[in-house]
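Below is one structure, written out as structure tokens, with a few remarks after it.
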Amino acid sequence: MLTILFDGIAYGMVLFVLACGLSVTLGLMNFVNLAHGAFAMAGGYTTAILMNRYGWSFIATLPMAFFVPALVGLLLERTLYRRLYGASHLDQVLFSIGLVFMAVAATDYFMGSQPQLIQIPEWLRGRVDIFGVQVGLYRSFIIAVCGVLVIALQLVLTQTRFGSRLRAAVDDPRVARGLGIPVEFVFAVTFAVGSGIAGLGGALGAEILGLDPTFPFKFMIYFLIVVTVGGTSSLIGPFLAALLLGIADVGGKYFVPELGAFVIYTVMIVVLVFRPKGLFARG
Amino acid sequence: MAKFADSVADRAAASLLKRGRWRPAEILFWLVAFGAVYALPGHHLILNEIAIIGLFAVSLDLILGFAGIASLGHAAFFGVGAYAAGLLAIHVTADPVLGLVFATLLMAVVGYVSSFLVLRGADLTRLMVTLGVALVFGEIANKNGWLTGGADGLQGIFMAPVFGVFEFDLFGRTAFAYSLVVTFLLFVVARRIVASPFGLSLLAIRDNPLRARAIGIPVNARLSAIYAIAAAYAGAAGALLAQSAQFVSIDVLAFHRSADVLLMLVIGGTGYLYGGIVGAIVFKVLQEVISDWTPQYWTFWVGALLVVLVLVGRDRVGARVSQLWARLGRGTR
Amino acid sequence: MFRRTLLRTAVAAAGIVLAASGASAQETFKVGLILPMTGPFASTGKQIAAAANLYVQQKGAVVAGKRIEIVLKDDTGVADVTRRIAQDLIVNDKVSVIAGFGLTPLALATAPLATQAKTPMVVMSAATSIITERSPFIVRTAQTVPQIVTPFAEWTLKQGIKRMATLVSDYGPGHDVEKFYSDTFRAGGGTIENLRVPLANPDFAPFLQRIADMKPEAVLVFVPSGVGSQFIKQFVERGMDKSGIRLIATGDVTDDDILNPMGDVALGLVTAHHYSAAHDSPENKAFVAAFRAANGGMRPNFMAVSGYDGMHAIYEGLKKSNGQGGEALVNAMKGLSWMSPRGPVSIDAETRDIVQNVYIRRVARVDGELYNIEFETIPNVKDPAKGK
Amino acid sequence: MSAPALETRGLMKRFGGIVATNDVSFRLAQGERHALIGPNGAGKTTFVNLLTGVHAPSAGQIFLEGQEITNLSAERRVKRGLVRTFQINQLFGAMTPLETLGVAVSEVGGSGADWWRVAGSKARVLDDIAEIAARFGLADVLEARTATLPYGKQRLLEIAVAFACRPRVLLLDEPAAGVPEAERQELLATVCALPRDVSILLIEHDMDLVFSFAEKISVLVDGALLTQGTVAEISRDPRVRAVYLGESADG
């Protein structure tokens, strides 16, 4: 029983790490980046390649799973995304879907269409018994990493100068520029970090969610659900939404497996019909 | 003064009526389309698919381009329409026209009922709610295999000849002609709808729902109405697919259907009805050509084209088209 | 009534097409290969296309005076597209055989066309039993689901296992696995519980927990190849391998394509299937070596062997029919028997399904790579779902 | 005279703990030119939103020509003849003034839902459009895209659309806001020339406009009616002066 709750939390955590970059680009920078999953995939593949071809240890690949997508994100932001900040949402959708198409086909070309598998280290396998609850070690690890990440992100956004600059830049880029805030730089860094976190999520989640070239399509819906249900006004909203969805999904499948995927979709529709701005949006 | 008012009224009439008038380019377009029934015998199958998806995209344009409702779940109506037509053919009558009418009317009702879910909320919310509805429909179809055939698809559809005369042939000629006629007729109606006072009130709602309400337009009722109409159109497109393929698979309700049709519409341009059809032609032909060349990696090039299209400026391409459109329209005056 | 007339006119129309095509395509004999080359089932398409091309490359493009040409099309795994492409290939490209068909609905959607156009249709992957019954022009070189799981259920019973659970993906083949396995198992005196997993399912945790609660002696798993590895890893991660629940699966789960990277978690897993890349025969050794050489080291899996055998059936059929297509080719393919890389096979003249050995295998490490090592053979299995 | 054109009785609106409209009982006589003034944050916007049905009141009633409209939807109130304009233009940017007026005229004439005929085929609608266009000086720009019109014209259109709804009571929310001096006179003249059978409530900041236009003035402070009276009475009222003392500089 509690094991199900625990699994749901771990699943929700992974969803959050995967989606939180999207909630930043969408919520703060108002950019509908459907290619977000492609950055997550890049992180997953980075880990898979480093481990399987170069024999790195899982933990050692995690920083790379952050940096490689972050770099790719930075590059794309500087060259392409930047031009579309003011564009209509439909343009952004079209553009980012195009990127997804390219990423999927390119991954297939270079890596093959079969799923990539990674071996998590021995010490993260198996389960332990904590107060009578069976707890998976790897899932505990995920919860720990993601928990730290959530707190760190929240602190950065609310407590640091960078956070306030970002919020100012988002509110009104012109005024922010006038105040001497390097808006372009702030956006680029934010975008890169968002992409990097997605990559980290892709690497961490590969074990649970699987990893193949169609990853960005398969999980696009989940990301969007997390962000819309959570609302885009803060990080806490999507975080709670991801947990809620994770628990609802896992619990739903455990208790009423006949319903299958209904649970997660129905939760989303009900929430959005009654709270169009998301469950945890202010006002 | 009266004289002056009269002349203004005349000008106003001329200007408004122009919206409903057929331009030479449009007439030419449909002549070419119908000409293809005779002129392009080797391509009827793909043309049939284009006609059906074109109609589907027109249906999406009615809500997105004319009423401002973005949808990522429009396949819900397409798919249920397909199932409705397929099931009717299996269990009741194999007459295609009856099946088409049945699916269309049924989807109008379903569209009306589900419209209440999308009345509130901004674009993103609507995208997700419509998406959710389509996914739930997909799950329902999957779980009720006794009715829908589940993941194996609905089999055993045999269609009678259209009007008892035109049999569905292997070359797809009847199918194409049938789909084209249906698409054309529904297009004519759609054209009339968007040029009508009702259509104008939709544009007003799209531009500024707050003001639309403040001048007495019953915003929700209008949105529900156009949503029902668009759903009916999508249902008709789905019925055409079910009838010409004589098979309905579960992925008529899949996410990629909704996403593809949105892509096509946006590529072709929203808000002038032809965008959907143009987008369907462009997308399908590109897919066909590129995937013949590289069946495995064609998505890369389609993706690249999308990216380039946006970067070059869809607006600029669109502006060029609408300029051309305007110039052609001026020719009629 | 009108259905029959409809059919007759369609057939007549098709006859004209074929007559017309016969004149212009005297030399080339086109095989339309329709496969999911993009999307989630792209790896199926890749394996089959590679094997079919390999066959033509090995045996030469000319057979019975005809030049074989493969026309490869991507149907993206969408049924109405498959059907449209098949129709297009038949009427425009004048192909004489349509082949491929990655998934059951894709084959089912196309079946009526094969009948209408009298075009032989070689099914190389879709595994639901009923497919061959949907058209007399269908020949299948892929396995059927009951063919694998019925003998597997008998084998499980023989191991003394009486309480089972099944966990299958919630789609056609999954339902087949559940039904045929459970029926046989119950008939043999066992008790069995069934669980279904949504096809698009990222996390197995809740289902694994259900199984842990059920505490069966063993659990049979059927999920599409690819997802299977995730399942096993999560199974082991939960320590369920040590909880006394034996995990068995159909060979889809330990697909040769992805078996090796699965790593030690897969070791010892018992599966039933008709092909292993480690099958010990000279035919297979040659096939695996050639396939690897032609495809950058990729290991062939059971889909590849179906594609390879499918081309073989077409070649041998053409030899028997003296280059004639249509019904003559289908009739010629009936009753063919040969030594395939998977072992001795034949085309059942009645059902047009393949008759083949089913092997019980165990995953083991050989020369540093993981393979399915066959340790028991159930010879000449016909599709048990038919002719009962 | 019969019932007042517009009347509220004990109108209240609370947002959480904040009282935005406090027990407002207000009367607008038939044909009257009435101005509602008050400093920023006095609750003018909330009051208008209550009248037009954007918000539901927490307590109290609203009557239009003697009939209660408290629970009617925003659209229904418009159909009954209570129409407003907006302080910040709320127009249909992608449409032409012709189409905009057409929509409004059709809607009030009950033909707004006609989907089977092409717009522009009803003579009565066309005549109405022509008349309104002439009254508001929009005849020359009827076919231009609204978003491209000069601001003054947009402002005129803002009022013209409302007028096209055949109001019995017209709520003008700062009609001259932001209009450059050159175009201001035309606007004021147009407003002053609106027919007498339309009762007008002017919500305004600009005292010059109020004094030149209104017959009666109501002063709203902190959500409550401070006082009501003729122009002369109000301009002498020391309480009003006190309220406006800090404001007059920028007004």
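Should a chain be cited, it is by its letter among A, B, C and D, assigned in written order, with residues numbered from 1 in that chain.
Just so we're on the same page, a residue touches a chain if its C-beta (ideal position, glycine included) is under 8 Å from a C-beta of that chain, and two chains touch if they have at least 3 such contacts.
Everything numeric in this text was worked out from a predicted model, so none of it was measured.
Engineer: Going by the touch criterion stated earlier, list every chain that contacts chain B and also contacts chain D.
Structural biologist: Common neighbours, chain B/chain D: none found.
Engineer: Of the chains shown, whose Cα mean is nearest the mean of all protein Cα atoms?
Structural biologist: Checking distances from each chain centre to the full centroid gives B.
Engineer: Could you work out which chain's C-alpha centre is the most distant one from the centre of chain B?
Structural biologist: Here the answer is chain D, farthest from chain B.
Engineer: Compute the distance, rounded to whole Å, between the mean C-alpha positions of chain C and chain D.
Structural biologist: Going by mean C-alpha positions, chain C sits 73 Å from chain D.
Engineer: Centre to centre, by mean C-alpha position, how many angstrom separate chain A and chain D?
Structural biologist: 48
Engineer: Roughly how many whole angstrom separate the Cα centroids of chain A and chain C?
Structural biologist: 36
Engineer: Report the inter-centroid distance (CA atoms only) between chain A and chain B in whole Å.
Structural biologist: 34
Engineer: Got the chain D residues that touch at least 2 other chains?
Structural biologist: none
Engineer: At least two partner chains per residue is the criterion; list those residues in chain B.
Structural biologist: Residues 256, 296-299.
Engineer: In chain C, what residues contact two or more other chains?
Structural biologist: As it turns out, chain C has residues touching two or more other chains at 38, 42, 46, 170.
Engineer: According to the definition already given, which pairs of chains are in contact?
Structural biologist: A-B, A-C, B-C, B-D
Engineer: Can you list the residues on chain A that touch chain C in the complex?
Structural biologist: 3-4, 7-8, 10-11, 52, 104-105, 108, 112-117, 119-120, 125-127, 134, 136, 138, 207-210, 212-214, 218-219, 222, 249-254, 257-258, 260-261
Engineer: Sort out for me which residues of chain C touch chain A in the complex.
Structural biologist: It comes out as residues 38-40, 42-43, 46, 170, 195-198, 200-203, 205-207, 209-210, 226-227, 229-230, 233-234, 236-239, 257-258, 261-264, 298.
Engineer: Considering only the defined contacts, which chain B positions touch chain C in the complex?
Structural biologist: Within the complex, chain B contacts chain C at residues 42-43, 45-46, 48-49, 94, 142, 145, 150-153, 155, 158, 160-161, 167-172, 241, 245-247, 249-252, 254, 256, 291-292, 295-299.
Engineer: Residue numbers of chain B touching chain A in their complex, please.
Structural biologist: The touching residues are 70, 117, 120-125, 127-129, 131-133, 135-136, 139, 143, 255-256, 259, 262-263, 266-267, 270, 296-300, 302-307, 309-311, 314.
Engineer: Could you please specify the touching residues of chain C with respect to chain B in the complex?
Structural biologist: The touching residues are 2-3, 6, 9-10, 13-14, 17, 37-38, 42, 45-46, 72-74, 77-80, 83-84, 87-88, 90-92, 104-106, 108-109, 112-113, 116-117, 128, 134, 170-172, 175, 199.
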